[in-house]
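Shared chain: chain A. Partners: chain B in the first complex, chain C in the second.
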Partner chain A sequence: MAEASPARRLLEQIERSSRNAEEPVGEFSDEAMSQLKAECAKLYSEVLRLMDGGDARVADLPDATKASLVVHHQRVLRNKECALFYLRERLEVLTRLRCEAGSNLPRNVRRHCSPQESQFNAAYDQLYQDFCRASRLDPRDSLKPPRDLYVEVRCNVDCGDVQTKHSGTVRMDKGTSHFLRRADVEQLIAQGLVTHVTTGVAP
Partner chain B sequence: MAELDAILGNDEGGMDMDMGGTNQGAPRRNPAYEQLLTAWRSEQACPEVLPWRGDLVDALLDAAEQQEAMVKATVEQGGDVDECLFSAPLYESELARCRFVVGSYVRCRLRKLERQCGYIIADDDAYGRLSDAEKTHAVKYLDLIEKHHRASLLEDLPEPFRDERKDGDEACPEVLAKAISKAPALDRFVFIKANKDLGDVQIDSSGETAFISKGDTHALRYGPVRDYVLDGSLSLV
Partner chain C sequence: MLVGRERFDEVYATIRQSACGAGQTVLILVAPDTDAICACQILCRLLRDDNVPFCTKPVSGYADVRAATEDVSQQFSDIKTIIMLNCGATVNLEKLFDQSNATIFVVDSHRPVHLRNYHSPGRVVVLDGDAPDDDDAPSDGEDLDEDFMESDLESDAELSSSDDEPEGDEETERQKRRREKREARAAKKAEASDRRKRLRAYYDGTYDGPPSAALLFALTEACSTAEPTEVWLSALGTTGARAQWRLDDDAYDDFTDYFAAQLRHIDARKQTSGEPMPESGKGYQAPPGTVTYERDELRFMLHRHWSLFDAMYYSNYVAARLSVWKHDGKRRLQELLAKIGLSLEACRQTYAFLSLDERTSLRDNLKVQGPAYDLDDPFTATFHRVAGGGRNVSAHDVAACVEALLEGHFTEDASHALVRAAKKRRVEAVDTEDEASVEKRAFLRGFWHAYDACLGDDDALLSRGVHAACALQRGVVGQAVSMVEKREITTLRHFRYAYVQASNDVFSKPLALRKLALFLVGVHTTNGKWVDSKAKPLVLLAERRDCFLVAGVDGREGARKNRLAHAFRLAAEHIQTSSRQDLFDSSVVEVAHDDVQRFVESLHYIMAQSAA
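Right after this comes the complex of A and B.
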């Protein structure tokens, strides 16, 4: 079976990622993207050739040529639409993660970003902080409804000295557990640096 | 700390979803808090951005700040042991809930705003429903994603495809802005709850109507009843 077209591969990747909570952002498909761009360039040069370098008037062309012009043109438009969708969906996930996990995106996400997306992340981070300041919103606030004021967390890695709003500076070494304000450790939990220790009984 | 009761009211169920008013015997919450809960719920269910309730948000944040300062002062004075060890954490968790609702409301709008920014900026009505901070953010965000799309894709396409065109042949930034954002799904089904008697309301493009009186709940398409939701006669659940 022939390989799927680059546009289809982009769409499939989005669909896979949307069902994968562990890796919400798949690796940026540079390959499919550049294939798609090359395909567009090729189709466009074909359009130009059919129109005698763009000089011919469409009305003068035979019907068969008109039909292939339409097909080529639509194919470029479709490719473009799929690629725009691909980029947009990825941005949406990246901005959502910025709100959930804080300015340090999880490593598996950062690794999968294209250079342009990394630039976008940095610029968006600034934008988001400005917005929070203007709306009197604390970007470190919890995104989940607060259940307990304090939670027990265990550190998965050495986090060093962590500044907290309510308990001053806390030294969080690997393997230690702490009883801290939920709001203070929310982002560490989201980044996977610490684990929230629950007592097993679902509330 | 009795003042806090006046502001937050007695919140027995925590973040419960009751519509307020089922529990007539219980002391009432601060009306601004009640109204924000309704606005928050509508915002989450609504496919487009609803009018910004800056009055409620500011009132609640001011009240919360004042109360936080008060709780802190009480604890620092260290007077009454009961107040420090028992009441203060209770007040603090209540304040955390209140802050959560405000934050969630603002973030929920932000998500929608970013997803639909091209459409919102093109539509004066929708743009007018935003707060000042949201307006600035929408414009800057649109600019940012446009740059991103240009750098990642559009620059490398053949020249005539780099911009979106209107019917004529001119490059139209507005159409491009729409192409890189999502249209609000106005034909989505929503649950509505009527805040007043509306009588016969058209609920369908074919002209079908439903009789809506105060307190009724219906499931219908958002588009036809959109105006009632925007003016507050219907809330979404």
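Right after this comes the complex of A and C.
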């Protein structure tokens, strides 16, 4: 066989992405999906042909034909399972990233999403925000109580003037270091705009 | 306002009070030198313990400070306290921060303090080691920016114009009044000239006060209990100040003794408070963060991190005394090592590979053999700290690393070649970006690297610093030797000068250039060439991308007054060039490319005039 079957390619892509932390979501492989659909259609028409257009009763068919029917049918089911697995895995990664990285997904992830997935992202984001608002909780908050009320962060990029809940407006220029309430800067840390500086060894 | 040690607790109480309730109220502006960075670390630890939100902003020159003033004057800004570390004392801060009403605290080793800051009613508070002595500073002046002379002239003119007004009837009455006026005018003139003289004397020459890190240590002591880490940081800052000759050896010894005493106090306090004391003995490993006082630290730069021979060859102390770059000097160095009982092979290996016996015998023999080779006192006092990785680092080594990291002197070895290639690609990609922002980025990166290296907890960063420091020191010695051998230093009547022609841009950074100048002065003072009447200030000119960096060092050792800063400014004004005295160290200026020769000529003229 010159090329792996489309189902196998989908599985391989999922496996590759799960190992690659840099690109948790690979490019949506339209090609493999459509090949897979075409294969299923072909198998279905083959089944129909073996059953004389669907009119023949299975019991009447010869054993050899029955065997090939079973093989064809299983192949279709397997393809379907793989395709669904592929889609589901990707969505799971996307929802996980939404929780980890915040409402703005990393650019390389957004670029790789199919149009349907982008729609899903938007809808999921909405749902998530609604939930946060309704329950007044952010599931992203750490379950562990923080060690310090205040943390020191260093800006990696120019963040401009940042509105904070406890410390008013803070001008966060690149290359400055700030000692602020943890709650104020947690978002920025998660987004990677600032780095949390841990203070070495205890005195 | 100038406050001495005994009122430091009030200062800190003010800072803390201003932070009550409101948001981020404290802004710390830090100058790029070892001392300021250590001071900043101490201050940040203090504020962190009290949960005072603060912002730390590295500033490379007064342009950055001005940018910060604009931020502070914004409507929404909560900043109520500005703390300036090693910057700001010599300029009129009230004028600089006229847009905001924040209180400004200045901890700066640069002197003289601007009189406006000195006599500020409370908006500007300058922290100083000793309580102010009012006789020191003339109280009725504010500025030496030449305008005080103009204002004197104006008042003279006023006087003479008002002189014509009165038209009395009686001749005698008029005459009497006139005489009184004349007397008053003469008195006023005398007073003005007297004041001018006092101001001149006050502003005559720049010098260095106590290191900021030591002052911050005093602040910590005044308001809470100092920990060993504070001792380490202030010792590091003091060491950094001495390396740049901002502190003479006697003062350094005083500070070190003081810190050692404080360290003993801390240990004693821990003992009495019932904390378990470590049992020393064989195989005992001190916990990270332990700071110890070391009386006999070898004066060989970074000797723990490269070979003993290199450490001796390249350290200022040995190089100056033995003139190691000459054939004779190198032979003498080898002879000394042989007398100590170390094979040349062993000396060329990394110091860590020397056996314990060899290391102890090195110390003992050096004491005996050293004086014959002019190395009569090859030891100095310092502090050691057990870093996070369990490594023992000395304040001398870390100070050298911090200084090298600060200006981003990275080595060219293989691992960095990759980084450089990546950087180059990135720079090409953002070619449209102007050079200033590239420089700014490099400055910020260097600053935070240096900041993080202070405690020596990050092994990777520290070894990078060691590499950088070794490379820098090699560069300094190599450059100095080539300048001496090629006789590139021109001696004029009142100063010496030389153009630094280096293949790379190492010396386009102020600290490195100053290091080179200090090395040259140190060598020539030790070998007796530039002493007594031959001691003159040394001015080095190094080419930068678009201008020349000019650094001046007073040829005479010690914390004497340095008159170069003033002369630089006058020279630049004289030839009307666009010089930039933007750096906090006013004895370093930037002069435009085409004007540099004229600048030297005019400097010569001005120095001659001031000497006359």
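To be clear about the criterion, the second predicted complex is superposed on the first by the 189 of 203 C-alpha atoms of A that agree within 3 Å, B and C clash if a C-alpha of one lies under 4 Å from a C-alpha of the other, contacts with A are read in each partner's own complex, and residues count from 1 in each chain.
FYI, contacts are C-beta pairs under 8 Å (C-beta built on N, C-alpha and C of every residue); 3 or more make two chains touch, one makes a residue touch a chain.
Worth saying up front: this structure is predicted, and the values here are computed from it rather than measured.
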Superposed partners chain B and chain C on chain A - clash or fit: fit
First (chain B), second (chain C), both or neither touched by A:179: second
Partner chain(s) touched by A:120 [first = chain B, second = chain C, both, neither]: first
First (chain B), second (chain C), both or neither touched by A:171: second
Spatial angle chain C-chain A-chain B, Cα centroids [nearest 10 degrees]: 90
Chain B or chain C, by number of chain A residues touched: B
Which superposed partner A:154 touches (first chain B, second chain C, both, neither): second
First, second, both or neither for A:83, with chain B first and chain C second: first
First, second, both or neither for A:75, with chain B first and chain C second: neither
Lowest inter-chain C-alpha distance for chain C and chain B in the superposed arrangement, angstrom: 6
Shared chain A contacts, counted only where both chain B and chain C touch the same residue: 149
Contact footprint of chain B on chain A as seen in their complex: 33, 37, 40-41, 44-45, 76-77, 80-81, 83-84, 87-88, 91-92, 95-96, 99, 114, 116-117, 119-120, 123-124, 127, 130-131, 134-138, 141-143, 145-146, 148-149, 182-183
Chain A to chain C touching residues, read off their complex: 149-150, 152, 154, 161, 164, 166-171, 173-181, 199-203
Chain B residues touching chain A - in the complex, by the definition given at the top: 15, 57-58, 61, 89, 92-93, 96-97, 99-100, 102-104, 106-107, 110-111, 114-115, 131-134, 136-137, 140-141, 144-145, 148-149, 151-153, 156-158, 160-161, 179-182
Chain A contact footprint on chain C (complex, rising order): 22-24, 44-45, 47-48, 51-58, 71, 74, 76-78, 227-229, 288-289, 387-388, 440-441, 444, 447-448, 455, 457
